[in-house]
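In what follows, a single structure is set out as structure tokens and then discussed.
Letters are used for the chains, namely A, B, C and D, taken in the order the chains are written, and counting of residues starts over at 1 for each.
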Amino acid sequence: MVTKQEVLAWLNALTDTYNENKQHLTKLDSAIGDADHGGNMARGFNKALEKLSTTEEKDIGKILKNIGMTLVSTVGGASGPLYGTFYMRAGGAVEGKDELTDEEVVALFAAGLEGVLHRGKAEMGDKTMVDAMTPAVDALREAVEAGDSLGDALQKAVDAAEQGMKDTIPLVAKKGRASYLGERSAGHQDPGATSTYLMFKAARETFAP
Amino acid sequence: MVTKQEVLAWLNALTDTYNENKQHLTKLDSAIGDADHGGNMARGFNKALEKLSTTEEKDIGKILKNIGMTLVSTVGGASGPLYGTFYMRAGGAVEGKDELTDEEVVALFAAGLEGVLHRGKAEMGDKTMVDAMTPAVDALREAVEAGDSLGDALQKAVDAAEQGMKDTIPLVAKKGRASYLGERSAGHQDPGATSTYLMFKAARETFAP
Amino acid sequence: MKKLINDPDNVVREELEGVALAHSDLVKVVLEPFYVVRADAPVEGKVGIVSGGGSGHEPMHGGFVGMGMLDAACPGEVFTSPTPDQMFEATKAVNGGKGVLHIVKNYTGDVMNFEMAAELADGEGIEVEAVVIDDDVAVEDSLYTAGRRGVGATVLAEKICGAAAERGDDLAKVAEICRKVNDNAASMGMALTSCTVPSAGEPTFELGENEMEIGIGIHGEPGRKRMELKPADEITEMLLDPILEDLELSEGDEVLAFVNSMGGTPDIELYIIYRRLAQLLEEKGISITRNLIGAYITSLEMQGASITLLKLDDELTELWDAPVHTIAMRKGI
Amino acid sequence: MKKLINDPDNVVREELEGVALAHSDLVKVVLEPFYVVRADAPVEGKVGIVSGGGSGHEPMHGGFVGMGMLDAACPGEVFTSPTPDQMFEATKAVNGGKGVLHIVKNYTGDVMNFEMAAELADGEGIEVEAVVIDDDVAVEDSLYTAGRRGVGATVLAEKICGAAAERGDDLAKVAEICRKVNDNAASMGMALTSCTVPSAGEPTFELGENEMEIGIGIHGEPGRKRMELKPADEITEMLLDPILEDLELSEGDEVLAFVNSMGGTPDIELYIIYRRLAQLLEEKGISITRNLIGAYITSLEMQGASITLLKLDDELTELWDAPVHTIAMRKGI
């Protein structure tokens, strides 16, 4: 069971982690992109958090949708529409809820992933955030279906995201800015996969502490 | 007695010395000017030497005048008109000669100096080539008048030029580009005084070897 | 990082405030959300043209807003595509009843954000057509990747489509001309030094004292290859070859030749490149009938240059020559 | 040294060849000796205007040759004033029978070479008047030194005098207007990085990662002082103060504000400076009625900026607004 308070804690933790990892994400983006992913995520979440106070009264679905809309209208770049769509769809999946069952947590992330796939049309192995998000959502769903505690299930999602993130290193990018590099994109970890891993990690730490 | 051959040897030696000291003169000009004095002198004398072959049949006066005209039309900057005028006036002082008495050597340099003073209106202590040229010409004249050999007299001129050049170091520039620096021009040796010292040094080595 | 800025986070806002103070005769600057729009927008009965993209490429796009070129430009953060609400507001502001063309550079972010904006505009009943510019031959193209980047051809497309809209062409026709420009243009760039994104605070990449990057992107994205610095004449040839290959130009063709500074390269070097470019094209019997030389699509202070060729026909030439009055491009007025 | 050049010794020649290939509609480029002249020179019955100076400041002066501005420009080697024969030939080429104005930046070399050229022109019976521009307030002025340098006001003088000549003013009047521009203009510049003279091969000076040079010259000559890097707003104030002091502007005055890039500074930073400049002048009740923002008088790839203010009256404003058609400045045509 995840409460609205825990969802708010998750969003706070996400903001902290993106602020802390701003340089790290930007550094990754310098190697195969344009050196802005850290700034993008930090700017988006700081703004989203700022607006959160005005939506705190609302349900989890509305809160997440608002986060998504703020991300869309403050981030820009590839990650703005992608994470924006992620949170808007995630919110749509848990509309009207003030607390979430484990299955609803799965539905939340699964809907988010679907939004990203719809918006970005990337496939597994394209060296994008999808490479961390897909295995994480799969692991989460399987673990919850197998009866794991939410804590254990989220830990498996984090591990899968981390593995997916690391697995992007040898890949040649097929989508996003890194794809312009062709073969030269190999050997670098994808920044978006990294911010996705951080998203699951923050969920693990706040949903089932 | 200085022969036309020795004058030609002087001009050759000057070209060599300016080519060799190109970086050195430019370096001095970087500190208090615009980093081109070495290039200016080298460009001018290489061109002048190139044209020399066509004037070799002429007398010393014509040769020097031609050098001056080539400098005026290929150097530019401050040093172009100044050294250009120097050699044009120097040539004017020894018109029609195929060899020069010691007194005529004095007249050559004295006329050149006068041309520089006329063109640039600098005074002793303004931190320009005049600070090396004036004491050098004075020393040359005095030594020749006192009956020194031309070799000795030219050596005294070189020593005076060197001293004058070094004396520019503490000065605050009053003329030329270095004057824009105000107090900050102090502590640097003037590039033009340095190229003037090199001119006397080459004369010492070729007129009375 | 050495820049004439105050706070890295305020660079775009303060720049826009400067533009507003400097050019109120030509443009209106809206700060919530950011966009720059023609002072006389919307122009009734004219197709509106909106472009946009990350900041840091100035004068593109804000410098191209005005009579005969863009109706509005949406600047994102430095090197980050703008957001759908910017494009949506700009689209509404320039809609003169004949629909709005979005000129979009082919970057995942730009494409997705413009897509979302078009969905929003559609919701308000504004007809929007988007043309994606992808002229950068440094990128190996493929159906299965994000494709080629949009670079120099964007400037040419904005000028030419602006003229088409100004003469009264309808949206379908202006979009068709835009695609024609894109199909007939190809570009290639190179860098001698990196740029520094203000919020990153350090150079995006490091090049050795004797190295250059060939096929660089306008966001400091790495290019085709890093190699030893070569003389300008050789570099010109290295940039031109893949362009010629792509455009399949043949003897007798006429082109517009665009030599662009990445920001930190002085005019004197652009003309040395143009000289060689003209010689090489002359040898091939291709004539440069129009040219553009200067800093038009930049990458902050990056030193480097790009070449764009656009194959011309009478229509494109006429539209190129039409009057334009913007901050950074002006003729005939 | 990283530059898009072939041989350091051929930089100016190859650049001029590029200009000739690119702009034969506007200018004719003569290579023996170097000068750039209006394609339609001499214009009969019009005062001719010739300027010149070392190369490396592009687009000045060659980019300002054309209708409504210069009749000819004489480029020297990089940062080295041109020679009298260049100016003499250019003077003859533009003489339309009403005499020729020489606009000379106050550098010993420029002044002496132009003097010699005027002597030569005089020998051929061409009436020449020279006006020396010395607007750089970074230099402490004195009767006993070479005085102040000529910088940004040169661009403004060339535009304004060009318009005066075009409307038919005689030589005395055009020269008077030139002196009026010079008397009413003041400039101050700064640098974040050095430039590198091609033939020198290394930077003229070194600045630390956190240093800037205030009062820099356009040839990389050291300035008033070296100091810690400051935010753009503060730098703007530091540049503006001595200008205001020099011009003794008072409330209600109208000025042209010119924010210039030293070559390597992108537009985005110029607008951040312009923003603050406009705020500061507004506070003092001085109104900017005209402006010019961009890279017009540069120092190769140097990063940095300069501010020039010109106090306007109706005559200067009208001449500033007059049509001009050159490579780097165009309006009304």
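Here is the rule we use: a contact is a pair of C-beta atoms (placed from the backbone, for glycine too) under 8 Å apart; a residue touches a chain by one contact, two chains touch by 3 or more.
None of these values were measured; they are calculated from a predicted model.
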**Request:** Compute the shortest path length in steps from subunit B to subunit C over the network of touching chains.
**Result:** 2
**Greatest separation from subunit D - chain, by CA centre** = A
**Prompt:** How far is the middle of subunit A from the middle of subunit B, if each middle is the mean of its Cα atoms, in Å?
**Reply:** 75
**Asked** Using CA atom averages as chain centres, what separation in Å is found between subunit A and subunit C?
**Response** 32
**Item:** subunit C and subunit D: spacing of chain centres that average the CA atoms, whole Å
**Value:** 29
**Complete:** Flagged in subunit D as touching 2+ other chains are none
**Complete:** Chain pairs that touch, by label, are A-C, B-D, C-D
**Residue ranges of subunit C in contact with subunit D within the complex** = 2-7, 11-12, 14-19, 21-22, 55-56, 58-59, 63, 192-193, 209-210, 212, 229, 231-233, 235, 263-275, 278-279, 291, 293, 295, 298, 300-301, 303-305, 330-333
**Prompt:** Across the complex, what residues on subunit D touch subunit B?
**Reply:** 33, 54, 76-85, 107-109, 112-113, 115-116, 136, 138-140, 144-146, 148-149, 197, 199-200, 204-205, 217, 219-222, 224
**Prompt:** In the complex formed with subunit D, which residues of subunit B make contact?
**Reply:** 26, 30-36, 38-40, 43, 72-82, 119-120, 173-177, 179-182, 184
